[in-house]
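What follows is a set of structures for review.
You will see subunit A twice below: alongside subunit B first, and alongside subunit C after that.
Presenting the complex of A and B:
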């Protein structure tokens, strides 16, 4: 019999494995040759350096430049920038358009969000596993493919009080009088919200639909065995599983609503009587209509800071135990 | 379902290869468009004062210029006729056109950034000229240069209609000309003569005077007309349109012009105590908030109450569409729109139904103090100016185009082709233009010439200002506060006081 007293053997990568096995040795300490040594952290840093430089140029440098601008009276191509004793900032405290802009932005975002999430989820539930799911999803996605400025123009014509088809429809139905939806200070906001809802509800539908595909069937079936109907099943099983997906959708739409102004500029330009002048629209006016770049920078910074704070809050909610429960369930 | 060949092209091209090819094509297109599309070129063949006219025109043969302009008829007509300029000079000109607010942003960034991507600019008096006047070349250095071709009619005040050169070419200091008058949009009254005749008796029975437009028709009369039309319509006559429509919408400048006409008509009220035609970089405190402005703001609101119900949605273009659709019987509109009104294919107000008159006159009872009642008329005079940041040769080449574009022959051509709006007096002296003032006419804009050139633009009716560097912010303040007042959010006093506060704050006062 072969000698089995020695239970370990050192392999240097050149040893004959078959002979080792033949000898009956059971434990092998294999030290493979270091053909690809573990790179140092410095090595990774150098690899990332070009990307870091590009990133710095396109984000970090403009960010600090924005702060600089907000502290100066900026005169590109003129006499140069002049320090103006925080005037751009102090002015914001008495600027009613700035303050109204915030209020309108929050109102607009909230209205869009509620309608888009509600309708988006409803559509996703209806579409999920329906016979015509693929074709309907394709059709529903079409508005999203449209450039916001084109969407704005299309709706501008539909809303038009003289020849707009939707205006005629709403007027004939007795919902609107002769004043078009964009011509009233109380209705213009609804008009622009409808456009946003029309264009971006499909995104929520798409994300929710992806979430619904991952809802575990065994949970649904178990709940049904317990006597749950489709509605109870949705609220008890599907919705908790959708939680992380909805948070992503809300985060995306929230960020978009804080920066998309294309359709609003085309539809109302912020009017009538500033009733749709959400903050980004006012920022556009100040910077590129009045060329007050310093004041514009101050407004932009407030927008940036609030966006970051609200984004962080949303991410924290995303990381909350309730969300994790949803994720775990979805992962099952 | 579909037949896919085994050796299909898409299977032979790897993803990497596809990306490489795509990237290469995109880069080549990008570089190509930058090189070909954006770059100007300049070639010069030196000439002397004694050189022939042909040599002077041809001295920049082979050069290329870019002209950024508003999408108005002259630019379209000139673009269609660029071959004539190319044949004359050998200079290639690219004319880019867009809506005025976009043009203002683009040229603003170009001018203030010290670039010269657009060598020639459309200098609309207040939206572009007032904020950017310092960034344009002084054209007087070229008007006397005998190495450049010059217009035999010259460029002095007498060559243009009254006030035009000052309106678009002179800012803050006399003597320096930054633009030649290129086109114009002057306000006058468009009204439905057929409806006026139809309803005149009923109106007279109620108001005690005839419903007609003359040079002495006042803003109070217009308000009466509008109220009457509204009453008839609301009495069940769906075939009768509303009486009037204001310039609101989102185009701030035209709303400012709309209320300014009424303000100036009643006592020649202006916003600042400065030379209205020259303007001022530091105009001092505004007069908004005084008794006259509050009274007229109230009258303007009263007028809105009897206007078309969709008043707040209708900017200048939309208002004209409303009139074309036959939904209002009167509008104070810019005379360049007459061509669209007289087009029977697109307008229900065509075919001799529309007549043109000067802007309404002020009403003595609307005047606080002892000011004069006039036919307050304003306008947008679009100039053509040269970017001061361009090289000297580019500026000289641009000057050749600028003076050609505002010549009598070019303006006559534009008037005939697309319904232009001449700025040179001599165009109106052409026999066929004089004849076109009466129906039937092949130049519909000429129907407005009496109201516009013979009356509106002449002193004491003409108002321009305020020419201030912050003109665009000023227009925006006016738009917002006027709309808030008209929609009932604020009273006339509150609106005027808010304007006063915001305008003075804008000027750090």
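Presenting the complex of A and C:
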């Protein structure tokens, strides 16, 4: 033993340090005498600084200003803001329109999401197997290119009780009575959901289609050889591989549903009888119709917090170990 | 278990012909290797056997049954893919059990079969891991486990060990052969590595540019190549080729080259005369590096050549030689003393060399 270690020491030229033979191999059990310095990263920070400053000005400052407003009675006439002992917040607990707004918003986005994801994935699968994929994608993308206000106006005319084509169609079929689609408290919500689905399903389709292209073909083939038909193949192989893509699509749509109210304002303005007054529309009314900026700020903050929490939950759900390993595997 | 027969099979991708008029048979329980360089149509052949690719022309039979129109799931085959194609979101256990679950087999029976396959491949401790947590060799074992667990009538292996490191690959060659012999299942194995084909297969089908070049036992493929391409493709390091004239000289046939004249054996001369009675012939001599004996000194008898460089390989030594304008590679013992620029003398092993027609490339012997 002493013999072998002395011969390896010569090899190193470090006579005072011992290397040891173990399992027939030479091993080293000492640390290097000194480490070379790691290059400093400060340089990168300076590169990012301008971006950080701009970002701070346009997002962080307004965020704190929002918190400030939510704690004050804000006067737009210039009389100065007055601290009002959390009144903006305490009033929300007694505000039935605020609570209804939340309920309607959740109902609205849940309906949109289910229809958009279901339809979007189905369309993507059909398109992926279609020869006319390119031209069909172009056609399907058209609604998405439209400004939401214009989409709202288009559908406003289609739904119109006197000359709307859809109204006429449904009335002729005997499904609809005298009231127009947007005029009935039970049908108005469905009306605005359909507009959202019409405009934004293509986005889900597009993202899912990109995901489908990246589903490893050999996995699909291996599963076919294992004995799966096309439907099982989709649910067993394609869908798990699509999770990261669906996460992005759902996250985008879900945040959009919480902020895009252009079409709703054009179509119903929250009516009839507040049946489509989802929270963002109510927020719009409070802040920019009644100019209660303090209360509006409080409502906006609740919206922000819930958006963040739901976003985190979504990421957690989709970021399960299964979909995670799926991603690393695809990267190989 | 089943025999496999490909009858006049073609595969076309648009204008490209990947497989041309392929006829192959693989007996029940046999290990057949399809060997060829990349793009030779071997993978297309395998994918047609699996049912993953439409058969452009011709028929494939498993036993007596024509399977052209059967989807993969109804062919009772198992396939191992080149990059394993494991399901990343499933554990090793679930990966192996997948095909049994798809057939709605009883849970206890599945468990028993998966455990048995895992034991055979020595991957029992890995059953709860996901593919991302496995090494290359472990992934490969899982992929094989997925294939053997179902006891199919035919195994299709698509370069399953190509991505393993050299040492593991050598080890797996032996293991795969043992496994196939133990199970007795018909196996069609695609590879570009001649070592795999020669060491494992009962029969080897050598393909080039979509065309079957030679079908035979590994020994036949190596020692009796039917044409120049097969001769040059099989063997590592590759065969040396030297252009010669073949002339009648005093009742025997001789190969003449500016630097040497060699006499064919009687048997070889008889073969040549029978095949082609014409007098003078343009031929190409093929000699494998280990069929050339090299002596470091220049003797009067023997062929004189110059050493270009020597490549010691540990147990062997490769010698690059210049014979006039042509280069030769010879394999000799590491005690070879020749240095760069030295004259040396060669002897060819007359019983093991090959002569090809220079125009057609067909082998005389």
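One rule holds for everything that comes next: the second predicted complex is superposed on the first by the 280 of 332 C-alpha atoms of A that agree within 3 Å, B and C clash if a C-alpha of one lies under 4 Å from a C-alpha of the other, contacts with A are read in each partner's own complex, and residues count from 1 in each chain.
Everything that follows uses one rule, which is that a contact is a pair of C-beta atoms (placed from the backbone, for glycine too) under 8 Å apart; a residue touches a chain by one contact, two chains touch by 3 or more.
Because the structure is a prediction, the values reported are computed rather than measured.
Chemist: On subunit A, do subunit B and subunit C fit together or clash when superposed?
Modeler: Fit.
Chemist: Could you tell me if A:161 is touching subunit B, subunit C, both of them or neither one (first, second, both, neither)?
Modeler: The first partner, subunit B, only.
Chemist: Looking only at subunit A, is it subunit B or subunit C that touches more of its residues?
Modeler: B
Chemist: Mind working out whether A:237 is in touch with subunit B, subunit C, both or neither, as first, second, both or neither?
Modeler: It touches subunit C, and subunit B stays clear.
Chemist: Pick one for A:183: touches subunit B only (first), subunit C only (second), both, or neither.
Modeler: After superposition on chain A, A:183 lies in contact with subunit B alone.
Chemist: After superposition on the shared chain, which partner residues are touched by A:285: those of subunit B (first), subunit C (second), both, or neither?
Modeler: first
Chemist: Report for A:269: first if it touches subunit B alone, second if subunit C alone, otherwise both or neither.
Modeler: In the superposition, A:269 contacts subunit B only.
Chemist: For A:219, select first, second, both or neither according to whether it touches subunit B, subunit C, the two together, or no partner.
Modeler: second
Chemist: So, does A:228 touch the first partner subunit B, the second partner subunit C, both, or neither?
Modeler: Second partner only, subunit C.
Chemist: Can you give the closest approach of subunit B to subunit C, taken over C-alpha atoms and in whole Å, for the superposition?
Modeler: Closest C-alpha pair between subunit B and subunit C: 22 Å.
Chemist: Which subunit A residues are contacted by subunit C in one complex and by subunit B in the other?
Modeler: Of subunit A, no residue contacts subunit B in one complex and subunit C in the other.
Chemist: How about subunit C: which of its residues touch subunit A in the complex?
Modeler: 50-52, 71-73, 77-79, 81-83, 85-89, 98-99, 102-103, 130-132, 146, 150
Chemist: Quick one: in the complex, what on subunit A touches subunit B?
Modeler: My answer: residues 75-78, 91, 94, 97, 160-163, 177-180, 182-185, 268-274, 285, 288-292.
Chemist: Can you check the complex and tell me which residues of subunit B touch subunit A?
Modeler: Where subunit B meets subunit A, its residues are 101, 104-105, 108-109, 111-114, 131, 134-135, 248-251, 308-314, 318, 321-322, 325, 327, 389, 470, 472-473, 476, 479-480, 483-484, 486-487, 489, 505.
Chemist: Which subunit A residues qualify as touching subunit C in the complex?
Modeler: Result: residues 216, 218-219, 221-229, 232, 236-237, 240-241, 321-323, 325-326, 328-330 of subunit A touch subunit C.
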